[in-house]
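Per-chain residue numbering starts at 1, and chain names A, B, C and D are given in the order in which the chains are listed.
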């Protein structure tokens, strides 16, 4: 997995690419934590490059949401592929996260 | 695997979809033979829906080429994905077949 | 007693011993880097056994979660232990398109009744693995192996039968 | 003799017995419908072991061809026989990123020297399997198993070393 992070004036965007499973979820966790420490107004996790995610990846994002809420960072997920959306739906987290189609929509969601 | 066949005024187009390996290459072989029996001027095998092919699929197409040559049918392959192109290249068949990008180009190749 | 015999023959997932030699059996080291191999194998075989892409992908997720639970809980993240995954098409035993999957380990034995999915309406990280397995599969059962280790038996059918009861 | 000893330690693929227990081992029925499971597993593991997508896909092709050869030639298309595929990362034995793969059967034994790739400039259907395996893998060797069956050992490295000789 590779994780690229970009910062715009309004948001920090995290772009992981590759399957997110138990073997790499800690890398995502570390990247998210590092971004959150800056206390940005808005963090966008763009999942367009993630064909697969298991519960270890989901746990990382739930953790991110908990940090975000505490420090009033707005956390938005975007670019979800069907298989990844399916795990959020089964775990009933699709209504808990703010999930939008693409990075454009995520900038204002 | 599914195989759809369409006939236009100029050509018969065979559209297989799915991996072509030993478990399904006979279906492709049967579809190709049936089309060849009509002795059409031009047969286009559109591989756009084939993410993977092994040597049993390649053998079926080589056989088709041999039939085509005997009866002066023009055989054109198109829509090859990278992985499928790679087996034709390794087997040095990429120069033996007429291979074009898409069905449009195949109509006049 | 004859009632028990009848319900035994329709038990889901079927008893491990009743299924005979698996059509595929994978042994893997307890390393997270090999999870991808287990789930890809199951996903592509599920497609061949009649599942659509969404359901084949979900079966792969259930398998990934089951293997990850063994690595994290059964083996406490030790990377030198062994896990086995066995596959059978469901058709010969049930008459329906589908798949039976067994995940086996040699870890410490725990009470199967204690392996339960949690209430997911409480949003917190973790604890989703067993829940996902139960949601995705039509039937799942943890049991103790003889003489050591745990086994998870799972069954999923390619298409839900309009009538739930065939009898 | 010391020369032989040296060349033995650098033999490619390494002797099966020298590799120890495989990190993944798949047993499958000799049915074409299970080829997809074997090749998907290898493809995704190869990606994790450092191969790029094109090379991981080609390794999957080599494995598919090797399994298909066992089904067609070793088992004469019988669908009730067993095939084994074993995987090891190449790093521990060679110091380089890559993969060792063994494909084993219980078929009639043939002379390994007779299993050769043909001249592909002669265009005809069939006879490409062994050629593809040899082209794709960095090293491939057929051998007789003890006491029955054949074994194909294969090695491929993720990146070619600029210098071929490390010694």
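Operating definition for what follows: a residue touches a chain if its C-beta (ideal position, glycine included) is under 8 Å from a C-beta of that chain, and two chains touch if they have at least 3 such contacts.
In this text, all values refer to a predicted model and were calculated from it rather than measured experimentally.
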Pieces of the assembly without chain C, by contact: A | B, D
Separation of mean Cα positions, chain B and chain A [Å, integer]: 43
Computed distance of Cα centres, chain C from chain B, in Å: 40
Inter-chain centre distance, chain A versus chain C - centres from mean C-alpha coordinates, in Å: 29
Multi-partner residues of chain A (each touching 2 or more other chains): 23
Residue numbers of chain C (touch at least two other chains): 31, 33, 36, 39, 48
Pairs of chains found to touch, sorted by chain label: A-C, B-D, C-D
Chain C residues within the chain A interface of the complex: 31-33, 35-36, 39, 54, 57-58, 60-61, 64-65, 68, 71-72, 120-121, 123-126, 128-129, 131-132, 135-136
Of chain D, residues touching chain C in the complex: 22-29, 31, 33-34, 36-45, 47-48, 87
Sites on chain A touched by chain C in the complex: 19, 21-23, 52, 54-56, 58-60, 62-63, 65-66, 82-83, 86-87, 90-93, 96
